[in-house]
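Heads up, the next two complexes both have chain A, just with different partners, chain B and then chain C.
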Partner chain A sequence: MLASIIASGLAVGAVYALIGVTYNTMFSASRVMSFTAGQLGMLGGVFGSLFVLRLGLPLVVGLVLMLVCCAIVGLITEFIAVRPVLKSLDQHLYVLSTLALALMIQQVVAVEWSTEPQAFPRVFGTGAGGILDEKFWLPVLTCAVTICALELLYRRTLTGLSFLAIAEDNFAARALGLPERNLRMASYALAGMIGGLAGFSGGQLLLAFVANGPLLNFYGFVPVALGGLGNNRGAIVGGFALGLFQQAANFLVGGIFSSVAVFMLFIAVLLAAPRGLFGGHLARRV
Partner chain B sequence: MAISSESAAGTMQEKSLAGTGSWMFSGPLIMIFCLAALVPFVTNDYWVLIATRAAIYWVLVGALNLVIGFAGQLAIGYVALLTLGAYTTSVLVAGNVSPPVPVFGALAIAGVAGAIFGVIVGLPALRLRTFYFAISTLGFATIITQIALAWQSVTGGGIGLPGPEMPAPFHTHAGFYFLCLTAAGLITWMTANIAHSRFGRGLIAVRDADVAAEATGIRKARLLMTIFVFTGASAAIAGGLFAALQTYITPDAFTFDLSVLFFISVLIGGRGSILGPLLGTVILTLLPEFAAPLAAWSTFLYAVLLLVIVLVAPGGIAALLDFGNRRVLRANRTIVPKAALVGHLLATDKAKSGIALRGVVLSFLGVRAIDGVDLDVEAGKIHGLIGPNGSGKTTILNVISGFYGPEAGSIALGGEALKPGDSESRASQGIARTFQTPRIVGEASVLQNVMIGGTIRGQSTFVESLFCLPRHRGDERTLRSEAMTALSAVGLESLADIRADRLQHSELRFMEIARACMARPAFILLDEPAAGLSADEILRLGQFLKAISRQGTGVLLVEHHADLIFDICDYVTVLNLGRVLAQGTPAEIRVHKEVISAYLGG
Partner chain C sequence: MKTTRREFAIGTAASAAASAFSFPCPAIAQTEPIRIGWLAALTGASSAPAIGFDRGVRYAAETINATGGVKGRKIEVTTRDTQGDPTKAVNATQEMISQLKVHAVWGPTNSGESLAITPIMARAKMPNIHPCVIDSLIDPEKFPNAFRTSPSNTQWNDAVRTYCIKVLKVKKVAVIADTTGYGVAAAKYSTEALKKDGADVVYVANIDATQPDMTPDMLRAKNAGAEAIVVWSTSTGMDARMFNTRATMRWDVAFVGHPSMSSGEIKSLLEKPANWEKVYAVGYRSCSYDANGKLPPRNEEFVAQLKGKVELSDTLLWWVAGGVDAINLIAKAVENGSTSPDDIIKYWNSVKKFPGYFGDYTWSPTEHNGYPGDDVVMSDASSAKNGAFKLAPGYS
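== the complex of A and B ==
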């Protein structure tokens, strides 16, 4: 019992953490929180199922195609919903524009794919049914690999450093001659792939299901809110904590009340620490 | 029919207090409701049903308009309160948890439940920023549906339960329609009353200029909570009516698509308007009827509409219909204040003896912005505060007006200590201010902006304003005429009805001064009022400020125009690096050696 709570908690936690990283990657490049983050997670599952099960492509090809498609969705987000409203960030129009795009994505999937959950292919086919089932360890492994790759990118490569420069101070970075727009587009493509990976690796758990979009939007945002905007480490810690808490509540008090419990926890933590548990300081208003 | 004339009468009454241009406001609304009253006589039951749905949606959207359109809070999950109201009414009428309750009693209880949950849903808005709030309302919407699904013994789970059956004469299609239309008319009238009250102006101030809102004494938390109570109750009652219309409800009936419809109606309509969102609601309710083959894509259409509105026409329908503000304004306007009118504006008893700062210290991230400042501002005197950039002038204003609490030291007004960091209380204690960058509501008229300054002097309660009772009408009359006097005094009376964001920068500075005067302050703090003004305007500003001080009002003036300072000030304090470098009369300061080397230049 305890083992299965921990296994499933870590698994969904990894998916939430990856969606949190997706939010953060978009936020760092543009100061925009996008409602498409959760939809990307949903699309990862749907594309995986579409390419591998429905079209019968080899798994690796399906994975690559999924990554490409999600990267394109990320770019579309940047182009349609983010770039036009960057000039007036203080009006928070991005909340509406990204929400509109997220709804459009969701509706297209609902009509063209299915409104029912669809099966997702097995990737390795090991340990079926037990605690060592791939549905438990694959998201965790993917999360770990993604984080290591991101750390390498951000710390060891010049491109990664320019990402950080833009996240730190957009104007200064532009003054230094960094191609801000291209880097932003690259960030959104990267965010698309991370979101896609979240859905793909969690495919056995969450299935290829259109309703995962809003679900991941919310559960993926909780770790970001807990960890502080743009803080990937905070999102990882928050994601796993959320996953464990949710699964524990699930086993102890049942599904519905576990979502109520998560919601209450979310609101309570945010009211107590609006900048997140690892959040930064307040900006000066006057 | 009686109902239509009732709602029309409501809007007429609203008109009589709105004064000039009010036919422009209420005419179209009356027309829409008159047309709506004709629906049962010229069409069949199907269209009556659609019209009923539109009316019910408007009961919710009309109230939600105050949250989204006026207060600017992106509440995207209001279907939650519709669900709550629908289930509460249906469960109570069916008698699942108690003896069966009559329909109207159940609706009232649903309203109370909605008010309570409205506050719970709204609570995060007090602390959280936009996206956080949007997500938390979204989460709430998801959870309500899950609870409805899981709590089978009461809600019937996935199978659902029958909606309440209406008693005669509301059991027919037409009868129920007129009931809903009356509710819709009532909501229109009430929200229009709020829109034209200090509460409505407070909401748009919180939305567009929250710092100025605090400085004028608008209590954001209390105001938002009041609005959430009202909106929650309206949404839940709409839910009860919705359940009656559906005749049978399941959790499937309350999809997120409905939420989308609600808040997109407001946004398509345009912020701060009532006619716009009303049209938006009607259009979005009718859209799927005319595009029947696209029914599966209705949410997609809404989303596209939302995107188009955000990217192309952020003002929505209201901006398209705002013909008055297309008129070209005369270029090169000069401002001629009438200092003689200041007497009418500030004539009150001023017993406050002075603002006193003692040893005030404040640092930002280790940098001491003010480092032990003593400062005395006397009533009826103009006190100049000068110094190089970064010397702490504006920070001192912010400490006095309560935006920052000092780390050490005290601030007192007339011998009584001012609560540190309590910006919302300053206006009622007699301290008003302007800002270095004017903080205004661009989408509101100049007159409305100035009226915001008189918020603390309003007498009527929210409920009195809601029903347009005498005290509310009295408030509006007084504030309006005083705001006109204030505008005449600063020389902007001809621009009273213009949108504030069309004004020149210099005009905005005078508008802020007029707004500050509306609170009848004992002290006015001015942050670089002469910046961006022409030489003539600076001279007139100087005379105007002198007139203010002659009324007994103390003026604390932060300024870089040394001529203005030495010309009008009774006393000058020079700051450097957060410390007082020198204090004295203008004549003493002008020849002070250190001041010359640090600031004035030789």
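== the complex of A and C ==
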């Protein structure tokens, strides 16, 4: 039982963590919590299944096409749902605009793809059925690789440092001549790819299913809130902790109560640390 | 001769009155088409049944019209796609009653929509037949115009319970359902009925259909000693995950329950085709193959008639048969009376063993559940061929 809790807990936790990173990547570039993050995860699974199983393309080609499509969806999010409301961030209109776009994505997928879960291709074909099955370790591996790649991007490249600059202080970055709009668009494209990778790597576990959108939207947001908004390390730790806690609750108290247990933990953590476990202290100008 | 405006107005009114009251209206009524409203969720979630029913509806209307119609009157089917949305179903119903002035309505095809439109139809005294399973949709006192052509939830439950206790002869049963309103209600009813019949319900769970790993609940059911698992869910993803988990656990427990377990969608979600064995879903004797691979004679002939005209490989035979029966039931009511609501309802109230392709329907003024309970059987879920299934082991 413990092995099952750890295997599936880490796997779903990795997917939640990647969706949390997707939220953060979009937030850092625009100060907007975009509720399309979960839909990007859902699209990763749907595009993967579409390109590889339905169209019969090689896996690598399918993966690349999925990344391109999710990046485009990320760009569309920035253009349609984020850019028009940036001037009035204090009114929180982005909640409406990004939720509306998320619903549109959901409806289009339901009509054009299917309302029923569809199969997702095997990637390596290892460990059929057991706890060593690739469906358990692939999301964890993908999460680790993505985090390493993001660290390299943010710490070792000029583009990455520019991302950090606009995340740190948008106005100062612009004053220094950084192309803020282009960097924001690039951030949204990057977020699209990370969200897509979450859905693709977890496809064998979650299947290519339209209902995964709202599910990932919520469970991907929990690690962000637990870990602190904009804090990727917090999102990773929060994602894995959530996955393990949820699976343990599934085993110990049953499916219907595990959601209640997750909500209770979520509320308890936020009561104890309102800015998340890894959130910084709020500086107040006096 | 000079005609004044007053004389002209009186003359016009008189001729209008003459045309309204003197012309032989019955002659028009006897040549106008029989207008049937068809409320179908043809797109969106849960569209698969309506697509199947629709093929039967079209086939039946074309067949009747090709042979001269009913008493010389053609069948005219007006379809409205409700998309499974109760609000759209209500709007379409209002349109059918007040604008299209249909003579009878067939549908909708899911219970959520039917719950919304049944009182509206009752107020308008609109003859209505539908295949929705929720028990409360049929009440001859509250809804004297509403008749059911499919089994009710209770009949499904009876078939599953009887199969577990009398055919599989299991004592310890687990009941697993999803967390939808339907799943929660079905699990509760099923548990109570199983206990009443002497079964030991060792485990009951409602699971979120998107839950990726079914191991926790399956493990609990196994540890509780379940010899069969009764499943009430419309989610094919949840079904497939449970079948895969059973194989991973190397457990040969039988699954018995909801017809969704025989859906073609499941095949692609299975890790191995063998994971679908020992799964028995609710089915119908009229649309089941016997040990020799034959359907009952009436439906053997029906399938032969449909060949080349109606596609059966991607749907279920009972859906197509149900669509044909619905149109035939309305046509027969008009043939035995007229298109007035009272005549149609009066005919349906007198129907005894109407020989349909889906079943032999019997209604009376006090019983509007028309499907014979004995014809609800269990099917071998993985045996689909031309939309029909093999009878589960234990039936002759």
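The rule is simple: the second predicted complex is superposed on the first by the 282 of 286 C-alpha atoms of A that agree within 3 Å, B and C clash if a C-alpha of one lies under 4 Å from a C-alpha of the other, contacts with A are read in each partner's own complex, and residues count from 1 in each chain.
Criterion: contacts are C-beta pairs under 8 Å (C-beta built on N, C-alpha and C of every residue); 3 or more make two chains touch, one makes a residue touch a chain.
Worth saying up front: this structure is predicted, and the values here are computed from it rather than measured.
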Query raised in the report: For the three-chain model obtained by superposing on chain A, do chain B and chain C clash or fit?
Result: clash
Report task. Pick one for A:157: touches chain B only (first), chain C only (second), both, or neither. Result -> neither
Query raised in the report: In the superposed arrangement, which partner chain does A:119 touch: chain B (first), chain C (second), both, or neither?
Result: second
Requested in this report: Could you look at A:96 and tell me whether it touches chain B, chain C, both or neither (first, second, both, neither)?
Outcome: first
Requested in this report: Go through the superposed model and pick first if A:256 touches only chain B, second if only chain C, both, or neither.
Outcome: both
Report task. Quick one: classify A:247 as touching chain B (first), chain C (second), both or neither. Result -> second
Requested in this report: Pick one for A:111: touches chain B only (first), chain C only (second), both, or neither.
Outcome: both
Requested in this report: Would you sort A:4 into first (chain B), second (chain C), both or neither based on which partner it touches?
Outcome: second
Requested in this report: Report the partner of chain A that touches more of its residues: chain B or chain C.
Outcome: B
Query raised in the report: Who does A:182 touch here: chain B (first), chain C (second), both, or neither?
Result: neither
Requested in this report: Could you say whether A:206 touches chain B, chain C, both of them, or neither, answering first, second, both or neither?
Outcome: second
Report summary line: chain B and chain C footprints on chain A meet at residues 111, 215, 254-256, 259
Query - chain A - residues contacting chain B, complex - result: 33, 80-81, 84-85, 91-93, 95-97, 99-101, 103-104, 106-108, 111, 214-215, 217-218, 221, 225, 254-256, 259-260, 263, 266-267, 270-271, 274, 281, 284-286
Query - Interface residues, chain C side, partner chain A - complex - result: 43-47, 179, 205-213, 215-217, 219-220, 235-237, 240, 244, 247-248, 263, 265, 268-269, 271
Report summary line: Contacts from chain B onto chain A in the complex sit at residues 74, 76, 123-124, 127-132, 134-136, 138-140, 142-143, 146-147, 149-150, 210-211, 256, 260, 267, 296-297, 299-300, 302-304, 306-307, 310-311, 314, 364-365, 394, 398, 403-404, 435
Report summary line: Touching chain C in the complex, chain A uses residues 1, 4, 8, 11-12, 53, 110-111, 115-119, 128-130, 202, 205-207, 209, 211-212, 215, 247, 250-251, 254-256, 259
